[in-house]
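I have a structure here, written as structure tokens, and I will follow up with some questions on it.
In this document, chain identifiers A, B, C and D correspond to the written order of the chains, with residue numbering beginning at 1 in each.
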Amino acid sequence: MNETTKPDAVAQMRDWWRTEIIEMKPGVIRFRGYAIEDLIGQVTFPQMIWLMLRGELPAPAQAKLLDAALMSGVDHGPQAPSIAIARMAATCGVGLNNAMASAVNVLGDVHGGAGEQAVLLYDDVQSRIDAGADARAATEAGLADFVAQHGKIIPGFGHRFHPVDPRSPRLLALVDAAAAAGVVSGKYARIAREIESVLLAQKGKGIPMNIDGATAVIYAELGFPAPLARGLFCLSRSVGILAHAWEQTQQGGRNKGPIPRQYVPTYDGPAPRPVPSQ
Amino acid sequence: MNETTKPDAVAQMRDWWRTEIIEMKPGVIRFRGYAIEDLIGQVTFPQMIWLMLRGELPAPAQAKLLDAALMSGVDHGPQAPSIAIARMAATCGVGLNNAMASAVNVLGDVHGGAGEQAVLLYDDVQSRIDAGADARAATEAGLADFVAQHGKIIPGFGHRFHPVDPRSPRLLALVDAAAAAGVVSGKYARIAREIESVLLAQKGKGIPMNIDGATAVIYAELGFPAPLARGLFCLSRSVGILAHAWEQTQQGGRNKGPIPRQYVPTYDGPAPRPVPSQ
Amino acid sequence: MNETTKPDAVAQMRDWWRTEIIEMKPGVIRFRGYAIEDLIGQVTFPQMIWLMLRGELPAPAQAKLLDAALMSGVDHGPQAPSIAIARMAATCGVGLNNAMASAVNVLGDVHGGAGEQAVLLYDDVQSRIDAGADARAATEAGLADFVAQHGKIIPGFGHRFHPVDPRSPRLLALVDAAAAAGVVSGKYARIAREIESVLLAQKGKGIPMNIDGATAVIYAELGFPAPLARGLFCLSRSVGILAHAWEQTQQGGRNKGPIPRQYVPTYDGPAPRPVPSQ
Amino acid sequence: MNETTKPDAVAQMRDWWRTEIIEMKPGVIRFRGYAIEDLIGQVTFPQMIWLMLRGELPAPAQAKLLDAALMSGVDHGPQAPSIAIARMAATCGVGLNNAMASAVNVLGDVHGGAGEQAVLLYDDVQSRIDAGADARAATEAGLADFVAQHGKIIPGFGHRFHPVDPRSPRLLALVDAAAAAGVVSGKYARIAREIESVLLAQKGKGIPMNIDGATAVIYAELGFPAPLARGLFCLSRSVGILAHAWEQTQQGGRNKGPIPRQYVPTYDGPAPRPVPSQ
């Protein structure tokens, strides 16, 4: 708590906010060592996302897979809380940035976390394979452990709405092509399919891979740590959030509630009663 | 951009975050000069709110009026976007703090700004009275100017749901009692009632004062600047937001959408079409 | 997915948003059965907070304890991330509601969750006492379990800044008085003091109860479930957040960064390098 | 308020959330008429952003310009409030989605709105040219009007830190190339350069185009409405926000304040004083 000026006070301040991402000097902006004026026109938006998060530029084929994962998850309609919130916010007299914030904010463990959890599940199965288990046994053990710890909802598999998620087979086909070309190993695609197979055997009906399961395959194949699966989903879904907030802005409306005003919510609490004297 | 240590570097840092609200030293916390250990047990939560925002403690009768404004606006049901958002967020796997943030965030110009705008309208009418206009003429001129600048929705008056807002007469009665006791002037209550009267004469039907109009009277009588009418509403509505987020947490549910899942939103866009080759 | 009108479609919609908190009809607003016009002027803001969260009105002495917990935690200065964020947001061209949202949002497990965790810790110790352990043994076992599961930071005890937190003794004195008057049991105050005593014995130096530990005693004594300790802290800290956002608004500034502009953060990443051709 | 089931209740519900963006049926997801399985692998992330916001797919050369605008604005270092907030939030025990939300939320009129305002300024100058003014006169008149209405800070021009913003010339070079190829008109690039020229003449020193001014040229050339300039900036900056939140997560820390804990903010308020008796 010594408030005397110490010789290193400025150095302490600068270090408090130290970063390996961006270097700033007057007239100079470098990302991970690359001058911004060199990056512009050379490097695509998905490549830039990779550079910012990973520290190095991806190979073009890696960037293409990342691109597919990002573009495929932008939106799943106004039934999703995030999209509904964006639309409601857009009628409340706040900016698009605010509508986006309220919406991205709810991409939590349940709404936006399945991709992250799926990567962790895949990693767990892979570590069992690395330790010598065969794929089937490793998958069964990984699933059993997951259910014991987290309950019966398997992240990345099954959908309340779609019997088959039309996005998953296409994304997996891209992974297969990339694996065939040596861009990725393909081992996470195999694990995800093994999980589908085990779930089918255990439940007697298909619990097919959904968008979270399929993008998690891509993120895991590309070497992203699990928490970034959520982060990347937030970037992706931000596009749908923005598009719906903007569409609602153009449709107009003020204080859009979740249901039209004539459908008053059911009240289930105590009957009318007087306030007791204090 | 001189990065040499300057004698005043620490002073600059400390001044960058200077405040008149709170003084911190090890073992010492003072708000506006009052030691926290002296305030605790002596000063109520509404009095503390006043102290934090205004710099001095209120008289008890002033604090009582502020208390009434705060307690009266806590909630208006799940049809309000803020409350619906809190409930939806609570099913997405985020904390109560996050659910509160997404919800408070949408208390923007349309959803949470009416109180602030009403204070500005009252101030405008009052300044016309101060300049010599009689109350009726000042109110008519103030309303006409407001409509010309902002459109026909008068902040603080009328309600899509309630023909009469049951909160307003009670709050105004408290203001009247405070005015009779010399706690406040009562001039903003007069202006608000004059606005009701002018709107009735102009529209041929009642556009009665709503909760925003009534709490704006209290905030204006108590001398709060207009933007704090919104800030205080945010504090007040945070209570309902928290209560609904908590009730939803206890009800359970995952990814609660705005309508039950079987009611798929209408799609109004282009018919199915193939992706053109790029 | 049957989209035909079913006789119960409206009932389903209404039930989707059912609540026990608020009943709305045109001209009618009741909270937990109490008409708002009866509550206004009779019930204080802290009493209303209790009613909203608990379903019944508190006794006045209970409300007084809640009030003290709420007023004591409003602010801990701009070194806290929540307060700093509020001030920075206020310079970015967003509303006070938005500044409050960005700030309340970060009252997460680390910044705002200590009260919730402390209630859980107290409950655990109490359940050991209920099972027959003496207070010392129950406390030692509870602490040992907590450290094993969550690490060595004990929620509600110790402070990086204050050797003694001036708020805690005052809040505990209020709890003692309420216990003496039969308002609360006092058992959570005993547990919290036992924790202090055990920590002192184990560490050889005081790790005194801080604001989170002391307010957690109050919330636990009053019967609030642990997650509401965080929720109530969010309400309380929202006051300081608003006050600092407002003070910053009046001070002015544009895009206030964390440190003055002349102190450029340290860059630790790769040295300048050319972008490889793609 | 008629709560009887009406034949159209379900239709009303579905229409309440109608959209032209996404069509959902079990097993079917179409965006603007395109099946998602056809889009995946065919359409890049920037093309998808365009489709979501504009309703039609862009030509590849249009998408390339959009891509450059998006990748160039991802980050400007921890001195920016948005980035600092993301880093602070990451130490508070919240998810990456929450850290992103608190940060994106502050991209308001001052911090994130310059691009939007620049598009409006360019449009205003262009409308004067369309009405017959020459470029110089239109620009001078547009600037004069802007300053009269909004003050002397011209959105998109000048920088507190960079004498020349290294991003702008590169982005304008891409616009020039696109104009030469007939992809865009180039008229907004001309206006932006005319603004630079007028400002230089008026101020006697360069107030060069910054990143907001340059990306606004691209967005205007591509036909995006002004509010989407802000929305697109939010998407772009979300990348830097995520990257810094993630870097901070890896660096660790708890409750990171804006300055190291030893630099206590200056307190400027009242001297210590006793609480008056109530």
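Definition applied: a contact is a pair of C-beta atoms (placed from the backbone, for glycine too) under 8 Å apart; a residue touches a chain by one contact, two chains touch by 3 or more.
Worth saying up front: this structure is predicted, and the values here are computed from it rather than measured.
Undergrad: If I rank B-D and A-D by number of C-beta contact pairs, which comes first?
TA: A-D
Undergrad: So, comparing C-alpha centroids, which chain is the farthest one from chain B?
TA: A
Undergrad: Could you work out how far the Cα centre of chain B sits from that of chain D, in whole Å?
TA: That gives a centre separation of 28 Å.
Undergrad: Distance between chain A and chain D based on Cα centroids, please, to the nearest Å.
TA: 21
Undergrad: Identify all positions of chain B at which a residue touches two or more other chains, and write them in rising order.
TA: In chain B, 1, 3, 9-11, 13-14, 16-17, 19-22, 24-26, 35, 39, 43, 47, 77-79, 84, 94-95, 97-98, 101-102, 105-109, 112-113, 161, 258-259, 263-265 touch at least two other chains.
Undergrad: Write out the stretch or stretches of chain B touching chain A in their complex.
TA: Per the touch definition, chain B meets chain A at residues 1, 3-11, 13-14, 25-26, 77-82, 84-85, 88-89, 91-94, 98-99, 101-103, 105-113, 160-161, 254-259, 261, 264-265.
Undergrad: Which residues, counting only chain B, touch chain C once they are in their complex?
TA: 1-3, 9, 12-13, 16-17, 19-22, 24, 26-29, 31, 35-37, 39-41, 43-49, 52-53, 67-68, 70-72, 74-79, 84, 87, 95-98, 100-102, 104-109, 112-113, 161-164, 166-167, 169-171, 173-174, 227-228, 230-232, 234-236, 238-240, 242-247, 249, 259-260, 262-264
Undergrad: Within the complex, which stretch of chain A touches chain C?
TA: It is residues 10-11, 13-25, 30, 32-35, 38-39, 42-43, 47, 55, 57, 60, 94-95, 97-98, 101-102, 105, 258-259, 263-278 of chain A that touch chain C.
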